[in-house]
Amino acid sequence: MTVTLDTGAPRITDRRSRARQVQFWLIALLVAVSILSLGQGASGISLVGAVSDLVQGRSIAPLDRIVLLDIRLPRLAMGIAVGASLAVSGALMQGLFRNPLADPGLVGISAGAGLGAIAAIVLGGALPGAVATLAGHHLVAVAAFLGGWISTLVLYRVATRAGRTSVATMLLAGIALAALSGAASGVLVYMADDQQLRDLTFWGMGSLAGATWGKVAAAAPIMLAALATAPFLARGLNGLALGEATAGHIGIQVQRVKALTILAVTGATGAAVAVSGGIGFIGIVVPHLLRLATGPDHETLLPNAALLGASLLIAADMISRTLIAPAELPIGIVTALLGAPVFLWILLRQRALVDL
Amino acid sequence: MLEARDIRVRLGRRTVLDGVDMTAAPGEVTAIVGPNGSGKTTLLRALCGDVPYEGRVLLNDRDRRSYAPAALAAVRAVLPQASALAFPFTVIEIVRLGLRAGLSAADDDLPLQALAEVGLAGHANRFYQELSGGEQQRVQLARVLTQVWWPVAKDGPRWLLLDEPVSNLDIGHQMQVMRLMRRYADAGGGVIAVMHDLNLTVMIADKVVLVNRGRILGAGPVSQVFTDANLGAAYGYPCHANRIPEGGRFFLLPHGKEPA
Amino acid sequence: MRLALSLLTMLAATTPAAVSQSPDRLLTIGGSVTEIVHALGEGERLVGRDTTSTYPPQVQALPDVGYMRALSPEGVLSVRPDLVIAEDGAGPPEAIDVVRKAGIAYVPVPDATDRAGIIDKILTIGAALGDESDAEALAASVDADLRATEAKAAAIPPERRKRVLFVLSNQGGRIMAGGANTAAEGIIRLAGGVNAVDGFDGYKPLTDEAITRAAPDLILMMARSGDHAPAEADLLTHPAIATTPAAATGALVRMDGLYLLGFGPRTAQAAADLAAMLYGGTE
């Protein structure tokens, strides 16, 4: 590659242009996977059929309409939001902790959300009638969301002193908090009856099956708002890679970047986990794959992670909906079965470049 | 001007800097020297605002604390002694980090010119982590240059604050970097550098600040500060300042056949 | 008389979306519901079932829409049912909502842990199928069988009642047992036994002392318990279990889960089988 300064000859082609190309293909991938996903399902109803009906002026059969508009479409919307949230949150966490293995669990979200969900499942019956009817079937989701926020807040307070957040303290305190949550969850699991235990297990394995327009309307704006802050954090996270002192020297407001990152991750992951339970691997595998392909620059990493995460989750959802149709495989199982081997393969291939 | 007034720094129970005053003028290279543990790096860190300090630091007649982070980054750039890197960035990606938000990040001219200044023009797409320590230091210097590329701006001179900029480099690159510092100062910018090697200091510095045990032992032109008495007191070893016959420049060597 | 009253209340409680004509395509959720539908002779109308529906054997060939508490909405719709009859506790609620919204009739069937409950189930299902007369007949016959079983059970003097411990699972030494208000306790009572443990509801882990205090004469387990099917030897050598009279005589009985705990048409038979194991032959 030639280097020239200002003589009008070609500039260096570096990773940025490749990242832009990748972004184009990822957009195309997402569109393709989305269309495919709308057309696939246990009921055999096809998108092509519905579209051709519309085009020829016929109205779509009611069952078809319900399957497409009330089952598959909200599920697609939810899958895009959740997949993007999990992937971007992973990338943000890795940038904040300056470690490619960091994931949103490190700020205590998973521990708190899990505890919230378990508490709602096991103790929900004991709530006063008014509260129970208010929350309705959303009790578990709301409890998980609140649980995630509360635990992150606790961690943030513990790790922040004199206006400065220590990510190292956050990591260690997070381990302690996860242990505490685990113990509390254990007590609740002990109290649970057979049915509740099964509900817990299924929640832990994740699912997009409960996606309704109501849930999408409640959760998606939170996820999207959180994701919208990501581009503003990109330069800051790049700078943090050089260390907090240097990041400050180049004009980055380090504390603000840390606080906003934690806020964005808590919002995005909290909402995602609340509506879809425990889905793993997207937050680690997606950013890692992208860093290998186009580099760690967060300006391109974050939007590409959103696109790839969304596509992967929708693909996983398609598999979970069709593999053992008419029954459904919990999506967390699919992402683990796909994600773990891919992750191992990456690690084995790239041993030289992965250095903690 | 860059002024430090009555700087006190305490780390734990130790007083590292005990009421230090110094000034540095634009258009000059000011070197901060002293033995290990004297507080010279801490002094630089106080000037950068990296350690909590009592006293005042004035940058272009304004208290450093009154600058917003982005404004401060526009006025001064800092070269750290060592830099770890968490992710596999390439050289050009790191130098681009010196570009401030106002400048277009799509415009690679400045970063490439900065890389050329430090002799790494062909290395733009190499992985930073694969470079040698000296090369990495020069990449960081390119980033620093990108940040305050023009030595003088409307609201005053720009400042380079460098922590041991030539310590890891071979002679050729040491000279290259020192020429760079000289040019920056000659163009009206201010350069403050913590220096380790006294002979290199003598080659580059217009003013020297000699730090010993948290206090200033001497500040001023080289000939005034580098006296046998000062050097002996600071370094605890008899040192004699000699003049090279032609040009009259100093060189400094410890005296005596073996270590005492 | 009680039968008629139950019938009336059940008819009144059926959802407004009850079918007017006989539904052709049936989906049943819940093992006992499937059994009852078969017992009413409507087995050919079944187009799908859930994972817990395992009897009679021919239903296993039907498409499985998943575990009853984690149904796939599109999966349910994919078998194109006209009517869904589901045991209490089917879910998630969002899936049920979608089914209702699609205009498919949905009839919930209340849970049962005693004779009256089983009758209610049969009548509810009969009403939903438009098969009231068959349902009444089945209900009457089941009722008669169950009453006979109950009479035999009542005839056993309290001091001779055998103590039964229902073990749901033995996970690494931790015994999960059936307490009050469980199907396990229900079937034990029907068979004329006494639940060896009391003081808690549902299925809970027991401490070793509680097991020893329970002193069961017989240990009852399900024949297929999914992930936690312990070796019987393992269980009998469990330190606390080993102290029980049941371990001394090796009295450990396994029965098919749906047969034993489903509370459907075969419950009377299951209770009789259990009674025979407790008290031997014709007692």
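A few points about this structure:
We call the chains A, B and C, going by the order they appear; numbering starts again at 1 in every chain.
One rule holds for everything that comes next: a contact is a pair of C-beta atoms (placed from the backbone, for glycine too) under 8 Å apart; a residue touches a chain by one contact, two chains touch by 3 or more.
Since we're looking at a predicted model, the values are computed, not measured.
Under the contact definition, chain A and chain C share no contacting chain. Remark: the per-chain Cα centre closest to the mean position of all protein Cα atoms belongs to A.
Of all chains, the one whose Cα centroid sits at the greatest distance from that of chain B is C. Annotation: 40 Å between the Cα-based centres of chain A and chain C. Averaged C-alpha coordinates give centres for chain A and chain B that are 44 Å from one another. Per-chain Cα centroids separate chain B from chain C by 81 Å. By the touch rule above, chain A contacts chain C in their complex via residues 41-44, 62-63, 66-67, 70-72, 136-137, 190, 193-195, 198-199, 202, 207, 209-212, 215, 321, 325-328, 330.
Residues 48, 51, 63-67, 69-80, 89, 92-95, 97-98, 101-103, 168, 201-205 of chain C are the ones that touch chain A when the two sit in their complex.
Contacts from chain A toward chain B in the complex involve residues 1, 3, 5-6, 11-12, 14-15, 98-100, 235, 238-243, 245-246, 248-253, 291, 295-297, 299, 353, 355.
Across the complex, chain B meets chain A through its residues 48-50, 69-70, 72-74, 77-78, 80, 83-90, 92-94, 97-98, 100-101, 105, 108-109, 112-113, 116, 121-122, 124-125, 129, 143, 147.
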